[in-house]
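Here you go, one structure.
The letters A, B, C and D name the chains in turn, as written, and every chain counts its residues from 1.
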Amino acid sequence: MSVTGVRQVSRRTHLLTPAIALVLAMSACGGGGGEAGATNSAGSVEGKSVALISCGDFNRWCQVFNHGIMDDLRSNGADVTYLESQFDAAVQSQQVDQAISQNPDLIILYAADARALVPAMRRAQQRDIPIINVVSAPAPEGKPYITSSVEPGAVELGKNAGLNLIEGLKEAGVTEGNVVAVTGTAGTIEVPLRMQGFMSVMDQNPQYKVVETQDANWDPQKAAQISQQLFAKYRDKGGIQGAFGMSDDLANAIIQTAKQAGVTVGAANKGLVVVSSNCYKVGIDNIEAGDQYGTSTESPGRYSEFVQKWVNEYLTKGSIEKEIIQEEVRITRANVGEWKDTCSVI
Amino acid sequence: MTTRPGMARLARRSRRGGLPYVLLVVMLLVFVVLPVVAGQQVTSFNYYNLFQVFASLGLLSVALGLTMIAGEFDLSVLGTYAFAGLVAVKLGADDPVVGLLAALVLAALIGALQGALVAWFRLPSAAVSLGVYIALLGLTATISDSKTVPYNNLNVSDVLDRQYLEIFSLRSIIAILAVAAIAVTMTYTRFGRDVRAIGSDRRASLRIGVRVDSILVVLFVLSALLSALGGSMLALSLAAATPDPGFDPLIFALTAVLLGGVSLRGGTGTVLGIAAGILTLSLLRELLTVLATPTYVSSLATGGLLLVVAFAAAPGLNAWWLSMRRPTKRVAEPPSLSRVG
Amino acid sequence: MSSDLLDSEISTGLALEVRQVTKSYGNLVALDDVSFELRKGEAHALLGHNGAGKTTLVRTIAGQVVPDSGAVFVDGALVSLSSPRDAQVCGIAVVDQELTLLPALTVAENIHLGRRDARFFGAATDRNGKIASLLTRLGLAHIHPDTLVAELSLAERQLVEIARALSRDAQILLLDEPTATLSDVEIQRVFTVVRDLLTEGRSVIYVSHRLGEVLDLCDRVTVLRDGRRKATRPVAGMDRAGIVRLMLDEGAVEAARIPRREGNGDAPSVITARGLAAPQLFSLVDLTARAGEIVGIAGQIGSGASSVVRALAGLVPSCTGEVAVDGHPGSPLGTPIRSARAGIAFVSNDRKSEGLFLDKSITRNLVATRPRQTCRHSVVSAKRSRDLGRQLCALVGIDAKRAEDPVSSLSGGNQQKVFIGRCLEHPEVKVLLLDEPTRGVDVAGRAEIHNLVRRAAAGGAAVLFVSTEFDEVLDLADTVVTMFGGRVVATHRGSDIDASTILAETTHGSSVRGVA
Amino acid sequence: MTAENVTAADPDTTVRAPVPSERRGPSSSAPRMLWGLVVLVAVSALALTTDGFVSVANARAILSSVSFTGILAVGTVVIMLSGNLFSLSIGTSAAVSSMLFLYLLPDVGFVLAVLLTLVAGYATFALQGAIVGRLDGNAIIVTIGAGALQVGAVTWLLPGSVQVPDGVDIGFLTRSVLGLPFPLYVFLAVALLVQCWLHYSATGRQVELVGENKAAARAAGLPTGKLVTVAFAVAGLCTAITGILLAGFNQNANLAVSGTFTFDAIAAAIVGGSSVIGGRGSAARAVLGAVIIATIANMLLLRGFGTGVRVLVEGIVVVLVVVAAQRRKRSIA
């Protein structure tokens, strides 16, 4: 099932002219790709070739994000090669090599594993092919090899969760208490960043103690099992007053199991305060229902537009900042209406 | 007529199990022709890529195929693949060769342990190896703390993956040599012959005097070594060891092995056939890449291939077909008896 | 492994000596204090029908069975044959009764397989042409050593099996039914090669049911009966009848038999088969059995008899022809389900792998095919099962208190009774097929099983059974059908049966082709 | 795939030595249950020394966490019982069922969506069972292939993630009833039903026979193909039920929810003490196995071990149980 698909976004009508030109150009290069540098000429997006290496359509988040970028580039006349994979670093490494062999003007890379892609990024840099890193922050070792990194505000997402949690706890009338964090895959780059943001807020509010941080691997079932057991564990130790589920799925798992365990949920009910740090429909529903206190704005659509903007900027101007981070907004019951549409795609 | 030249031998062999090679040639033709028709470009890079896949998933496939030839099914190769990568990166920090050797040694131990369990306790290998696979994933996650472990010497990656002769790399050359060595062992040595004998009919082999138990242990060791070689070279090449490779590599390996003409019941199939199967499957995936098909096509193709092979190789297919052909004038079937059967 | 102490006591003229070997399986004594001597340069026939202990003795010598007591000497030295490899070390090469060739390997590989002295490299090739010349001598010049065994015919495979044993350069050659699937010409070729070995001073143990071959090839003959050595005689001066007399119980030869029922000629024919044929197994087989009739099909291994009942049970999908059960005509049954629906029950010759559910209770085994009898409103009733299980236990003569014990806790004979008991008192069974109903069963058990079979017939079922033991056929059958080489030789009804006719027909196919 | 118990002796003439009958209980399944109990006791001993383990709340937490894996383990046991190892795509199929259910929900309503999902699960598995049972196809390859096909088809035909439609409340699928979550009741009900089916229906009892000795079942005229098909189909029903409950729990569905279900379910089925090679097993043992694994995981969590250690221990327990089960078998033979 390992998926290595390239999707040529150009419709068949578009195929003929630019594609044949590209084919001719590439056959002239003989596939070696090393000798001819990328055409970095500034100007328009029109006619530029871009390789998008990202997670595949099997994942709804990726689907929205990727297709947003491709549709935009295509409408501006660029030629996009779409290389999908299912979070498989080995496949992605080959896809980068594949892209290099076609000598594109730009590679947009969402690395499944930032560290495992470092050698591939280095090979791209050696051929002067620019890479814009997206979604997850680059590994420190990889930073020298990328042109720019356009990221969601991972630290801010965590910070927002912390702020929401403190606000919620105060609203619930909790003066001091236990907080647990159920996270995504700890091995990835962005999870520690979000935790860093979260902890920076929590550290300033020592009356609320983060007693457990557990890795649920972004898996709601794991989150459910963990939280069930944590509720049991802390039942006689003052209970759990606040919980941070890193994604809305994880937060939902916590809410469901809390209800099953007979724990009151919702700040308004003076119950458990649950917060999250992205932007799924289930989170919005839970906020509206009063079960979840808040979340943040990590929406694939919004972030896709952000990336589009900077990719276009790069393709037209030839350079952008080395690190561009999206501003993230807190979502709570107060402003949930504004974000409902943005956050309902998943 | 007694001693024939090698080529003639090869010809005889391939005539017997020629399907994998035919498939490969057909696939190669399709791979050359179809993209041109569709207005796409196949470059030498695509062939380089083919062998890069061979160096990781290919070795894993041969590892899986070896035990299947002997009639066993070893799920744990996938665990060894991940574990060896971690060991190579962790212990090879100063010298990649040390890391590689450490990975191979540990893998050999795991293989020996598992082979001993399967052979001497007569355990069903699918179940044992499932347990070992889960345990290895856990061990890998524990050692790495579920995090990707980086390997700081990027030059190793460069050396391993630098292109030679346009389409090869050091990594793929090592893999090809390893597979060639195994192929020679399986074709021309007593060991290889005994492995096929065991897979073909274990009871008869025992009666004739084949040392079934020790051969199984050695075989599991070899299988573990191959998957460890693939996994550790991949980790060095990526300059990182990922704790969980997912289940996809095993699906690739299984499909490649079956395309390579290895029977599900054991006893048949050759390493060369498996190699052909690997290349065929890699070509197919590369073709789908070049033709820009959506991801699900790859899933559908793999699933379809597996089911077709499972169907075509099913031992009961012939009997079923024969019984389907004449359901006509069935023998007396009083309605009252229908529940018996 | 060898002991020099005993050297002096042993006559040096013996290639192999088996001394006072005893082996029993549970209650069944397979070998009872049996001794056997093989001289150098001698071809020694080992005779006796199934159950006589022949197979166990052969397996003891081949290192496949370790006896309970007794000793084996090879070339005067005491040896321990605890594995096939040990036998090889002692210079014993075996052609097994069952084919042990591996179809997925080439001829050369098969011949080398298991050799202790095989080199690590080049183990699969015919380095100095030895194999090719051996094949040529056996009339297989057309077969290249690199051919896959899967591509060979049954007879060719048998010859390769023999070639393997010959290639071992062994001092003692143990040939167990090597010719069951061979034609006369092929047999003569094998004999030529074997005679060459004999003149080189090597020895051959020859096991066969074909007395003509024994007379033709062998110097001496040892006959086993009921696990004991009956006699060892030189072949010279003996004729076939003499050997038959040795093999048969004197009583059986003289007093003919128990009065046989003539078979009710008016009873309706329950099962009729016409023109049954299956490639490589049998052809042109016609059979019929009436209600209450017991038909015995006599035939040696390879005669196709066993395959015929398997075909009727639906286990030979490639079978063609016509079968009618209860007067309903149709094609052969094709699948066991169809056979079962038609009212045919089958008792296989292999109760372990094709018969019983060994881990399950005796009751579960007895009621396995009786959902209608054990269900109430399509729910399995524990009480009904239990009652039925007890009732059937009583019927087959097993203590009803053990009804819930696993069937694996029973002796072989009792297991066989459970197997047959599954088909008894079964309202839906009209035809009972049995393949070697008393294999591996002791004498007492045999009689009980025969009674069960008679009881099934008395209950109105048509019974067809296959046996390679003519004693059993004579004891049990109302009608005897003899088979040889995949064809029916003759059908004998009622009193028109005698032992020597059956022996002749099943060992030579006298009315099919000439005696070898 | 199974290492055949090869002996040089001829199976026809080798007669099993009689085993004294007093060593056996009235039911031959007793020793295995005993083995399960031994494990349980050993685990309990460790558990008693774990801080916070012995509490009603923790027991409830363990029970609450077994439902999904448990139902899949029941399905896996049925497949194992029929002598066909296990499905290596049961988790994927559960995720696919979950997506299908939510996809159908807005158009056809709850009841019909449940029914259609059950039918789809039944049919998908029955098809695999037919290839395995009627043609003797290899279960591992068939199930992996079917899994890949399902992933492909779902990615192709359905959106990557399916939401609970607005205005539809399926929250009751996950609510607490009398202090325990609804899925737990479903799990126990499924286990009970399957147990009854295996024990009180002619078909269920015959599935067990096929699993123990397919050749014998075939020769006896049992419809082996149909029985294996039905066994797979029952597993398909279990999978579909899991999918529906998952949809209720997650309030959305995508392929990623399959998580580690496949291996967890197989591990639970094996650890429960059902025979991997068929013929012996029950839904009750699946419950036992799921609870044992959840208990171990819980204990390790309370003792502060990470996910890796939990998985490692799970794997080791699986190997130990497989070895122990086989040793016991050999000692009888």
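Convention: a residue touches a chain if its C-beta (ideal position, glycine included) is under 8 Å from a C-beta of that chain, and two chains touch if they have at least 3 such contacts.
This is a predicted model, so every value here is computed, not measured.
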| item | value |
| --- | --- |
| Chain of greatest Cα-centre distance to chain B | C |
| Inter-chain centre distance, chain B versus chain C - centres from mean C-alpha coordinates, in Å | 41 |
| Separation of chain A from chain D, taking each centre as the mean of its C-alpha atoms, in whole Å | 35 |
| Separation of mean Cα positions, chain D and chain B [Å, integer] | 28 |
| Centre-to-centre distance between chain D and chain C (centres being mean Cα positions), rounded to whole Å | 43 |
| Multi-chain contact sites of chain D, meaning residues that touch two or more partners | 8, 147-148, 151-152, 155, 202, 221-223, 306-307 |
| Chain B, residues touching no fewer than two other chains | 144-146, 206-207, 243, 251, 294-299, 302-303, 339-341 |
| Two or more partner chains touched - positions in chain A | 1, 56-58, 215, 217 |
| Chain-to-chain touches, reported pairwise for every pair that qualifies | A-B, A-D, B-C, B-D, C-D |
| Residue numbers on chain C that touch chain B, as the complex places them | 64, 83-85, 88, 96, 98-105, 109, 112-116, 118-129, 131-132, 144-148, 151, 317-318, 323-331, 333-343, 369, 371-372, 428 |
| Residues of chain D defined as touching chain C within the complex | 8-19, 21, 24, 26-28, 199-202, 205-206, 208-209, 212-213, 215-223, 279-280, 332-333 |
| For the chain A and chain D complex, residues of the former touching the latter | 1, 56-63, 214-215, 217-222, 224-226, 228-229, 231-233, 235-236, 249, 252-253, 256-257, 259-262, 280-282, 285, 344, 346 |
| Partner chain C, residues of chain B touching it in the complex | 1-4, 9, 12-13, 16, 187-194, 196-197, 199-201, 204-211, 267-268, 318-319, 322-323, 326, 328-333, 337-341 |
| Contact footprint of chain D on chain B as seen in their complex | 71-73, 117-119, 121-128, 130-146, 202-203, 206-207, 212, 216, 243, 251, 254, 258, 264, 294-307, 309-311, 313-317, 320, 339-341 |
